[in-house]
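Got a structure for you, questions after.
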Amino acid sequence: MSEVRLQVKNLCKSFGITKAVQNVSFNVNKGEVHALIGENGSGKSTLTNMLTGIYSIDSGTFVLDGKEIHPKNQVEANEEGVSIIVQELGTLSGLTVAENIFLGHEDRFVHFGIKNTNAMNKEATELLHKYGFDRIKASDIIDNYNFEDRKLVEIVKATYFDPKIVVIDETTTALSQEGREELYKHMNRIRESGNTVIFISHDLPEILDKSDTITILRDGVYIDTVKSADVNEDDLKRLMVGREVSGDYYRADYGEKVSDEVVLSVKDVTVPGLIEDVSFDLHKGEILGFGGLSESGMHEIGKAIFGASYDRTGKVVLADGTEINDIPTAIKHSIAYTSKDRDNESVVLNQSIGDNICLPSLDDLANKAHMLNDKKLKEFSNKFAKQMSVKMVNVDQFVSDLSGGNKQKVVLARWIGKDSDIVVLDSPTRGIDIKVKQDIYQLMNQMRKNGKSIIMISEELMELIGMCDRIIIMKDGKLSGELERSPELDENSLITMMV
Amino acid sequence: MGSKKLSGSTKGYLILLGLVVLSWGIFKVLSPHNFGSAANMLNYFQASLIATVGAVGFYFVMVMGMFDFSIGANIMLSAIVGCVFATKFNLGYVGLIAGCIICGAIVGVLNGIFYVKLRIPSMIVTTGLALIYESVANYIAGGVEQTLPANLRMFGQMPGDIILAVLACVAAYIFLNYTKIGTYTYAIGSNEFVAKNMGIDVNKYKVLAFILSGAFLGVMAILTISYGSSMVAVTGMASMSRNFVPTMGCFFGLAFKKYGMPLQAIVIGEFVINIIFFGFIALGAPTAIQDVITGLALLIIITLTTKVTKGEIVK
Amino acid sequence: MENQVKTNTEQKEQQLKKLSKMSMIRALLPIAGLIVVFLVFNVLTNFRMMNNMSLVLSQVYVTMIAATGVFFIMTMGGLDFSQGSILGIASIVVCMLSKISIPLAIVGGIAAGAAIGAINGYFYVCRKIKSFIVTICTMFLFRGFIKYLTTNAPVTGSALLINYDSTALKVTCTVVVLVIGFVLFRFTKFGTYLKAIGAGEKAAMFSGIRTDKMKFLIYVLAGAITGFAAFINVIKVGSVTSSGGNQLETQILIALVLGGMPISGGAKVRFENIIVGSLLYIVLNSGLTMMGFSTQMMQLIQGVVFLVFVAVFADRQSLQVIK
Amino acid sequence: GGSKDTTTADSSSSAATETPAAATDNKDIKIGVSIWSSTDVLGSQCKLILDEAAKALGVQVQYVDQGHVSEKVTASVEQLVAAGCQGIIICNSSDTEMTSAIKTCNDNKVYLAQFFRVISKDNSADIYQMATDSAYYIGAVHEDEPANGEELVNILLEKGDRNIGLIGWEQGDATWLGRWEGYKAGVEKWNEANPDDKATLSEPQYAGTTSEGGSKAAEALMAADPNLDALIPAGGGGDPLQGAIAAVERAGKTQDIDIVSTDFLPDLGERLENGSMAGESGGHYCDPLIAFMMVYNAIKGNYTDFAGKFEDVPFPYLYVSSADDYKAYEQYFVDQLPYTDEELVAMSELDLAGLKEAAAKVSIEDAAARAGK
């Protein structure tokens, strides 16, 4: 009954030697939400980027409503009726909301070379009103709005002209629950109007819930297209990974007694606008989880402990009474931290793997005269890169060449090398596929057994439940509840505390 | 109380006008006799126009995050070409205006194309090209100063200079606010990658920015040679000393970008610098100290308008 | 499938090895360029350049010493256009103090340079103003001071200063600065930290580097180094006029870029950039002068050669956005 | 390009000195000119006459522009020596630079003479002594700047001007300082003689070397003193003067403000006529020619024994204060060079005393007389 909207035919794309998309063919129908899933690097973004003109096509074709399309950039794709909301931030600061919405389509408002700003603002205001985003003003500079609102502007930008296909590439991870609902609403609206959404997400329950059809890619190769109604999560995992994935990659133990020894206490910590009057203790050998909505302030907890948040008041004290107020002191006293913003705050992208691993340990590696020895550095970084099984040619390779998961491994290798006792992991498995996740969980478990204390901040409730001895839920910058490890714990009990 | 939420540009105007009043007030008190009459102020304003025009054009390049070290060489070359057109070829004002602006724009084209094609940082490319422009200017001038005769110096005084400068500023304002170029300039300055993905031909607009900037520097060249009446082609990068005044004006624009009024800030900012400059002259301060004052004033004003956010990355 | 994966990684390995070989070659390119240019000029001038090497080199010391400081600044992604004014002010201080005592003069020059560096650092680091804006402002500001101080006459140093003007001393000073710089940069954490700041400041900060302190100190250090270069300058020149040190910043920038230094700094900088670049700059300049071109022609050639060199040497792979 | 010289030229720097007498062929002689700029107005005039002289004598010249930046001045000497020059003439910016210049020349046995400049015997006694002692430093050809300054001030005072505005170019420039001294002396002398009719000289405004600088400085001076009736743009290559005149014209004060200067303008005749200029001194672009001849003869071995000597060659200014004066000047110094090739060769054959005499004699009349015969 459903008509074909888009035919993907024998599509290929390589980046140098990486075959990102290999001979992929499938159909997308009208009036459906068509999910695209696969592990990291399986080619999802590459595929949709070709569809929307961001990447050029090596070979193969897209046939949209019977017509071959070859957009060269996003504007041309828009003209064909295809739009995209990209994984990263897609709005430009310095421009007004209206300018962002109509970027590349100004010609409609240009007469004799002069742009009619009023007409543009007026139309943008109408659109925003139609979408129910009245609080966003068309003539405002976009910088006045937060990430979430900017994503909403992107939704308007991508959908106002009723495109035949809207691609939504991992947008949900960036949004709060509220924003997600907003997005789902519009996905629905698009579907109802007979148009199509191509939806990319790593959140399998979300995929199952929101999509009609699911196409699975693996290593750039097309695997299958299934109806959401016919499959469950385990089926999808199997299709993605290519083998049976057992559900038990979290730690299996329950009821182990956590030591009473407090290694770190957070006392009355406040960061204006983010967290308010937070106090808790971390014990030796414990995995302490923090859960909550993205805006709940839980990400700031990690920074506050690591001395990386400004305007912090209150105290972060170690067992021996040392107060932690800045990063170097934190590192010196054996605290490690991996940020959610991996590319900016964790790895130095344009530097070698070796230097990245050695960076915090240089003081320890230097001899008495503060001299460093290349060989020693190389041995050191090699050892920990190997231990973390970083996929690399050698440690001289730049981190920017690595995939997301491998970057995360480099960060972990750095802190294992530093032999930190307190490890703060913010979203350690964000954007990482199942294999690497498993590795990371095993590592955390190992560290715990070795007496290290871990704080894990995560938006993924399942991993909190699976890994933590204790879970603290945050809401509006405050602690809103605490849960002990137990096999009975389920997501719902957490969610009720979060919202 | 009521003004708790002033709009950005109102705030910007208040700051700038405050600066005008403040600088005027201080020197008026210190040196009431020979400073700050209405006629004087008009003079100061006129004196500020030359650099303003260049700065306003250069802003397009600067906002995109690029830089240009050939400003001075461009002004010198354009002024000489314009003067040669006007006098040797007997083209009068048409020659002067067309010669300067077209030459400026051509220099802009070259800057842009070399930058885009060679993919070398603009700072470096323009340094190399400045050497070449100086040399070319010298070949054209042949070691003789190019003098604009008195009957061609309309743009060196009232009202010619004001008319030309106002026209130029209005043109810049229109380009920035009422054409695609303005939007794309900010888009590219904000994030080149995203801009490219949006279908903006980044390279084309970069070259366009250089051309615009070059043409405005050409206008600045008209004003410069009309004001001073002659231009000599210096070599050995001596033309670089002309870079800084327009560049400093641009810093004003950048500092006030967040208030949504960069061009206005350049105009008023250059005016303030000139008020201070002439204020010190009125006080009889040695000229050398005026450089100190200019540098310091700018630094302080930028410091005051820059919000210090901890942990922010500034290069 | 398994096999394919294997060959895939092997291929990749080879490609990466090739890439790293390429970048090695790229790093060697300026050195090769220096040698070629040197040979070409020698042939063209009947080996006069070789015979007069000490004279040719005598112009390199100040640039090379000052470039060392700027190299550190640029490694961490900053810029410094106030170097010429620093050299001017420091030279004035050296001249004035030289009448009291020479060691005091050296210390004074270094202190003056460091003080200006500290001013740069304060506005850049503490007030968060872009480094090129700050340093262009301070360049202007201190040029004004230099003009003021030299209004009635050039500032002359003690007559004793000339006694120090020997090639041996200048070479020794330069080598000492370079060796200390090299050891610091290459064999202590200092260099790695600088490169990390240049490659990703935020991540560097999260790795425990006190980036603000580091940035501030580097500006002070660069000022101090140029303050020391002022001594070398003064023993030769003997006095400072209002244009003292003019355009040193541009010379340094050109020299470093000729030496293959990426302008945005980061992990790909090499200490050799300083030496190769400064030498290349001087050899090009002296060579073209020796060829006897007119000023205009020489400048034209200089501009073209400079662009060609940069176009050939520039490593564009590491720069995704070129500003 | 002068790179075609044969192998003899290569060892010439040493050869020239070991066997100084006539052993050197003219075509192997290379004379270096270290000049602030060979491309600006005065600089290119100097270059013109030097090129002419070199052509007449069949020697090579090589220019290095140093912009009067001290480091570059000293470096220029090294570059010229390295380029194989056997003699160098230099227009330095500060006396102390000469220490290094003389040292470089001594070390490499290259002759050196200054033009437009002389080491101050009083202020830089050490350096003067070093120059005197040097066997390679010949001497200096220079104008009497204080006298020049005084002369210009007198032209103004006689015209009845009492409020004189002063425009300098670069702070601390030796020539400027000399002229300034002269202006001050002229005004002081006048005030002593006429206590009831005192004249004032403003603090200088600095214009750099651009015409806008001159314009701005003139405007500032006019704004600061409404009674200003005279301006002295002291020099700077002619552009500051142009700018100052433009500013005066713009202000409509051409008749009220008299201008004197030391850089000749292309339309000076007209200006002297219409009163926008009151007087000029100039013609000094021949000064480097004398220095050139000194160095040339030293290389040839004609002039010897410089150790213990300091040849101080004063060079006269030409003063022009009427349109007729200028017409003559234009004829002999602008439209043509004041010396023909033969005269240049003849000049090169003079002995040192004769050369000094020729220098002292430079004037419009002299040029006219020579052209007339």
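For clarity, chains are labelled A, B, C and D in written order, and residue numbers in each chain start from 1.
Note that a residue touches a chain if its C-beta (ideal position, glycine included) is under 8 Å from a C-beta of that chain, and two chains touch if they have at least 3 such contacts.
Composition by chain, UniProt nomenclature: A = Sugar ABC transporter ATP-binding protein; B, C = ABC transporter permease.
Every value quoted in this text rests on a predicted model; they were computed, and no experiment measured them.
At the far end from chain D, in terms of centres built from Cα atoms, lies A. Chain A and chain D have Cα centroids lying 73 Å from one another. With centres taken as mean Cα positions, chain C sits 41 Å from chain A.
Here the CA centre of chain A is 44 Å from the CA centre of chain B. A straight line joining the Cα centres of chain B and chain C is 29 Å long.
Those residues of chain A in touch with two or more other chains are numbered 308.
Annotation for chain C: residues touching 2 or more other chains are 147-148, 151, 202, 205, 242, 247, 295-296. Contact of a single residue of chain B with at least two other chains is seen at positions 138, 235-236, 286-288, 311. Taken together, the chains touch in the following pairs: A-B, A-C, B-C, B-D, C-D. The touching residues of chain C, counted against chain B in their complex, run 77-78, 123-124, 126-134, 136-148, 151, 201-202, 205, 242, 247, 250, 253-254, 257, 263-264, 295-297, 299-300, 302-304, 306-307, 310-311, 314, 316, 319-323. Those residues of chain A that touch chain C in the complex are listed here as 16-19, 306, 308, 326-328, 330-332, 337, 339, 344-352, 355-356, 358-360, 362-363, 366, 370-373, 393, 396-398, 401, 414.
Residues of chain B touching chain D in their complex: 34, 40, 43, 47, 50, 138, 142-145, 147, 150, 153, 156-157, 224-225, 227-236, 238, 241-242, 278, 281-282, 284, 286-288. Interface of chain C with chain D (complex): residues 44-49, 51-52, 55-56, 58-59, 62, 147-148, 150-154, 156-157, 159, 162, 165, 233, 236-247, 285-286, 289-296. In the complex of the two chains, the chain B residues touching chain A come out as 8, 63, 174, 177-180, 182-183, 186-187, 189-191, 194-200, 257-258, 260, 310-311.
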